[in-house]
Amino acid sequence: MMIIVVSLFVLLMLVAAVAALIFKDLMSAVIAACMVSLIASILFYFLQAPDVAMAEASIGAALITAVFIVAIRRTERFEE
Amino acid sequence: MSLELLLAAAFGGSLLTYLLGKISSGLRDGFAVFVSVILVAMIAGLYGKIGAVTSYYHFMGLELTLRISPLSWFFAMAVSTLGALSVIFSLSYMRDRERTDFYYLMMLLINASMLGIVFSGDLVSFFIFWEMMSWSTFLLISYNRGSALAAGMKYIVFSIIGSMAMLIGMLSLYAVYQTVNIYMLSNLVSSASPGYLLFLLIVFGTAFAIKNAIMPLHTWLPDAYAEAPSPFTAVLSGMLTRMGVYGFLMIMYVIIGSVQTLNMGYGLLKFNYILAWLGAVTIVIPTFIAMLQNDAKKLLAWHGIGQGGYMVLGIAYGTNLGLAGGIFHTLNHAIYIVLLFMSVAAVQYRTGGERDLNSMGGLIKKMPIAFIGALFGISGLIGLPLTNGFVSKWLIYKTLILNGSPFLAFTALIGTWGTILSVYKFLHNLFLGQLPEKYKDIKKSPVNMQIPIVILSLTILLFGILPGLPLKVINSIIASFGFKSLNVTLWGIVSETGSLNTINLFAAILTGCVIIWLILKTGPKSVSASQENTYAAGASIPEGKYHYTVDFYNPFYRMIKPYLKDFMDIFYFKLAGWTQTLCNIVRKTYTGYVGHYVTYIVLFLAVLIFMQLKWSLW
Amino acid sequence: MRSIISIFLLVVIAWGMITVLQEIPFGSSETRVGQRYIDQGREETGAANIVTSVVLNYRGFDTLGEITVLFVAAIGLGAVLSTNRKKKKREIESASLVLYTGCRFLFPLILLFGAYIFIHGHLTPGGGFQGGAIVASAFVLVYLGCRGRRISETGSKAVESLGGLIFIGIGLAGLAVGGRYFLSNFLPKGELNTLFSAGVIPILYIAIGFKVGSELAGVIDHLIEDSE
Amino acid sequence: MDIQGVIHFMQNYTYYIGAFGLIFIGLFIMLVKRNLIKVILGLSILETGVNLFLVSVGYISKGTAPIFSNASIEGKSMVDPVPQALVLTAIVIGVAVLALALSLAVRLYQHYGTLDLRQIREQRW
Amino acid sequence: MNDFGLFLNGINPVLFIVVPLGFAFGIPLLGMISKKIVKWVPVFVYSFVLVGALSNIPDVLDKPIIIQIGGFVPPFGINLVAGPVGILFSALIAFAGLMVSIYAVVYIKEGPEVRYHILYLLLLTGAMGVVLTGDIFNLFVFFEILCISSYTLVGYFGNKSGIESAVKYLIQGAIGSSLLLIGIGLLYGLFGTLNMADLARQISSADPVTVFIPMALMITGLGVEAALFPLNAWLPDAHSSAPSSISAILSGIAIEVGLYAVIRILFTIFGISDFIMFFVFLGVLTLLIGEMCAFSQNNIKRMLAYSSIGQIGLMVFAFAIATSHAVAGGLFQMISHTLGKGLLFMAAGYMIIRSGSMKTASFEGMGKRMPLTCVAFTIGAFSIVGLPPFIGFPSKFLIIQSALAKGTVLFTILTGLVLMGTVIEGAYFFRIVQVIYFKKGNGDSERNEAPIAALIPMFLFTAVIIIIGIYPKFVLGILDSAASELLNQIDYIRSVLG
């Protein structure tokens, strides 16, 4: 039944990605992208890649999101 | 005396001249004259050493050779002599101009590359020297700035098109026969298929037709001649343009061979007929356009095109008489056109660069030597008996009539009429008529300008009276192409269908002159009258009432003007405009919007994938 | 319009992907090279974590390139942001006491955690990159929590440089003294699954950890600067 | 299609669908979005997708992580360590590119005052 | 051969990568001691690399040097392959790098100089890694170093156009590298190996349909950097906004290296040794588009950049013919383009500084103001157009010759198109030469030559352009063996895998 869980995660991840596509508020989009990264890191864990999962969680999800947020703070928040 | 040494001297001399110019201009002038004269002597010394081959360099696995043949000796002699005369002429013309070092460098470099062209034993060296000639000519045409820039651009674009066509032909020969040696090729190519030969003739023909300014490809020439520094225009018109003739001779009669060339095509669509007709067209139209010019150099330039037509006509005909006529005409044309340009340059030098025929006149008294030069020059150009032009034109007409081409002969004749009309305008507006007030105190041309003018004038007479001198050499050229040689005497040509004997002519004309002189002698003594006296019957007239000869042939001009537009030039300008527009449209691909660029990338990938999945390209 | 074209193009690409993915069935990968690493990695490198042995030994050259990429980005980011940077005095509202104290308290702990991760890279999941990122996140915390606190630029630069130089030095040492190969693992391998094992791997990972940590911290630092 | 078939399909393709779904969504964002930050976000999603794909290429059914945390573990059914190593590298490269991109975006905003790529077109044809 | 220390006969090629890298890492430390030293570091480093590359030429002509990193036998570790191609390119990179670094000593005066020199070293290191590596993922990594450092260097001045170009370049480049990475992943999934030779061995027995998809991805990905049409939209922006020294390197090294990667993948990995019609057309298209865009430019650096696109098209055309002569010609064209375009950009750099504008109209009368620079520029332009006796002529000669040696009508027509591109190229280059020399400038006309440290590299380039133009046999030997290395897949596999 692992596969059901995985499929749900994948679905959630794709939904988050689509959300990142749709959101006009860049902040929300970034959070959605962060979700994508986080779920991806869980998927990495399921794929027996703990090293990658750690890297994705710490770099891909955390640091990148921070950098995005800083960048948005310094520019503008809404996509017109 | 090896050919390598000759070329090394030519190229080294040009560079050394440039360097010497940095030290002292006198030293540079002396050295430039020295180099160019030495080259003449060296080449003269090569006479009779025909057939010597030297391999001087290996380039990308090809053996580059130099070789001297009768044809190349003939051209080299002409090139170096005229080059030397032009350099001597330049000495005062170029004094006090800017960048004289550069001028001499390019002048000698062009001379050297022309020598390289004619002495090349293989197509690669031929191409290399050809290209060097092209870009150095470009630099020199642009020398005068202003409108010279456009002329230079026109020249170089045509020139590159020509050399690219030549590159294709040359490399295709290399790819097929694994050699670029002209003489080895001449043995191999004769067995090629007619289609391939036609391809070769077309690509090489394009290159040489551009250089020789044959009718649809002529438009670079008038501007280039008019805008280049005048002593260089002399070289440009005399020999550089005629490298096209050399090229035609080489590709038609050396590489492909007379038998193959003359049998190319069917009936009236034979290659050489078409070329001959192009030549005929080139004679007629430019000559009449020349008539309409009011710029002395442009007028001569259009004649340069027209005379090139005679050469091509002679060469294309492919009989021994015609070839002799074509080659001889090349030489003769070089002599008198150089002379004419030098005369114009002398006038220009004294009048401060004036070229407009409508604003000059009456210089005969002020610059007699220049007038003599112009007179002899136009006599040669028209082809008056006792000038060299007569002999070569005679040869060409005779070929045409003998081979049953009255139409071509007629067109050539029309060309001569046009020539007469227009050169009279030239002579009259420059030297005859009223002298404008501002040129009252004009001085004679300097000695170093007079020397070349006198030499060339005498040469015109010499070759006109003794055509056998050059014709002997031309005879050996024709023989080397595999034609029957002519029966040449010192005074002319003997043949069963009518012979030329200049001594009779000479005698007749001399007699005529003596009679006229006697008649004049018996009449009342002529009194030298001032200009005012002849034009205003002794009364002094206000300056404003002077009338100059402007708008020569104006009614005629109005009549034929609509038909004599340079349609090709307009067409090329349109073409350039279209190219520009097309370029601007293409440029719009790069829209500046990243989204588009990303689309391009994805599109490229999608196309690759689609092609493979649909058609399995790999 | 653009969307339709884009979707069309992506569908074509997807078609190609589907075609090729038929040949790569999930879950049964072609592990010729990988299997050898699993079989012999322990003897050849002495690291328990095969990923680490691949990253630092079998494909150590990639990692050298990788830290270089990060270095490039850090330097480049500095170059991009530094031009005409205005050194204006900023009004910094100090953080609340709770936040401040919390940050001060958490900072060493996070650092320690990061250090643990990169020191144990050859034994457990994790390593220089992950540890470095955690170290960097400690700095992010300080930047956000304790406003006005900065790491010294020279210090972080020196750490960056030294980290890179140590990596290269060890590589060259391998070339010069060890097995005559660049980056060869010339130190004794030790006993599997102990801290002091796997030859040069821990040293490399520590160097990477410091380097990555200071670089990522530097990146954040540059970006945050004068953003308030 | 019965439930077994669906599960089979999912077992075979779920990760691939996830990975390529991310890749295509990322590409799509980059294709149609006009906001620079959004485009960079698309790039980030694209890179995550690529990483996910790489790791799933190296997966072996019922495999274990390639770590010999104690001596008793057999190396028989470990997943391929190479793609994991590659992905580690790729993640770091990705963060480098993204950080650089964002810093450039910040600078660009200072120059143009907008992030709309349609208006940032001074360099063209 | 496997036992290869720091020095054997020549300098170990791994040092070509490691030494610049080490110095790049060390520069921040050096910069703390003295900022003056920093700018001489690239000069020093690339003199060393140049000597090293040249010292390896005799060995390499004999058989390629295979260097294993970490001591693992090829399919299981990363290896460097310093064959004739690798050494040829490293010598080229080192030479161009050395020259441009000398130029940069005086040229780079503003901005964060220390960072410039670090990034410059890393840019060249990336290029060096790409040409030397024998592992496809390693290629990706070095490629990223190359790309990322060029993104930043394009935006080095931090001005509006620089940043804009850098952003655009980055977006396109990042998509390219992602596609490349997907391609690598697919290949790994298919064959379970990353070593080029090993991949090549297995691909020769694989189903062409499936193998093609990763190839398409990789070609697209690398094609962005190699500036194939229509993936080259970044190029004119980036080349024109970067500092001129960087434009010289981008144009002379970066796109060549990208193209190298493309042909390495096509020829060596995928073993496509017959001529590839698609790429023949692509090459001609790239050439024509590049030249046509350059034709109507009045910004000199954009013009030169578009001309680079044209040159790349010519190279692609040459490589796609895929006979040994054609490939040698393509490599030769790369050399001549590196030298010629490097020279042009360097000369243009100072002309821009002196005239204060990139508009071609502002160069009127430059021939008087900076005669030496202008002579260098002119020679570079003539060489790019392919006029004898400069280096552009033999290279173009070789390419056209091998295209015509195909003997088909189609190739004759394509050659005609290529030469038409040359005509356009000639037209705009000659126009610039006219503007420089034959137009009277209205500004001040006193002599204001570029500094001597900038003239030295220009004149060394000029000297090499003329010398190789007259004696092409200096390079023909190594070009021939490089061409046979590229075309001879089996020998490559054998020499790497034993």
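Should a chain be cited, it is by its letter among A, B, C, D and E, assigned in written order, with residues numbered from 1 in that chain.
We take it that a contact is a pair of C-beta atoms (placed from the backbone, for glycine too) under 8 Å apart; a residue touches a chain by one contact, two chains touch by 3 or more.
The shown structure was predicted, so the numbers you read here are calculated from the model rather than taken from an experiment.
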Neighbouring chains common to chain C and chain D, by label: A, B, E
Central subunit by CA centre of mass proxy: E
Of D-E and A-C, whichever chain pair has more C-beta contact pairs: D-E
Interchain centroid distance [CA atoms averaged], chain B/chain C, Å: 73
Between chain A and chain D, centroid-to-centroid distance (C-alpha), Å: 10
Interchain centroid distance [CA atoms averaged], chain B/chain E, Å: 44
Gap in Å, rounded to a whole number, between the CA centres of chain D and chain B: 69
Junction residues of chain A - those touching two or more other chains: 49-51, 55, 59, 63, 67, 70-71, 74
Numbers and ranges of chain B residues touching at least 2 other chains: 584, 587, 589-590, 594-595, 598-599, 602-603, 605, 609, 612-613
Overlap residues in chain C, where contacts from two or more other chains coincide: 2, 6, 9-10, 13, 16-17, 19, 24, 29, 31, 33-34, 37, 49, 51, 58-59, 62, 65-66, 69, 72-73, 76-77, 80, 125, 127, 129, 216, 219, 223
Chains grouped in pairs wherever the two touch, ordered by label: A-C, A-D, B-C, B-D, B-E, C-D, C-E, D-E
Chain D-facing residues of chain B, complex: 584, 587-595, 598-599, 602
Residues of chain B defined as touching chain E within the complex: 58-61, 124, 127-128, 131-132, 134-135, 138-139, 142-143, 145, 148-149, 152-153, 156-157, 160-161, 164-165, 167-168, 171-172, 174-176, 579-580, 582-584, 586-587, 589-590, 594, 596-598, 600-605, 608-609, 611-613, 616-618
Complex contacts: residues of chain C adjacent to chain E: 16-17, 19-20, 22-24, 29-34, 36-37, 44, 57-62, 64-66, 68-69, 71-73, 75-80, 82-84, 154, 157-158, 160-165, 168-169, 171-172, 174-176, 179-185
Chain E - residues contacting chain C, complex: 3-6, 12, 14, 18, 21-22, 24-29, 32, 67-72, 75-78, 111-112, 115-116, 118-119, 122, 125-126, 129, 133, 135, 137-138, 141-142, 144-145, 148-149, 151-153, 155-158, 163, 166, 186, 188-195, 207, 209-210, 213-214, 216
Interface residues, chain B side, partner chain C - complex: 595, 599, 602-603, 605-606, 609-610, 612-613
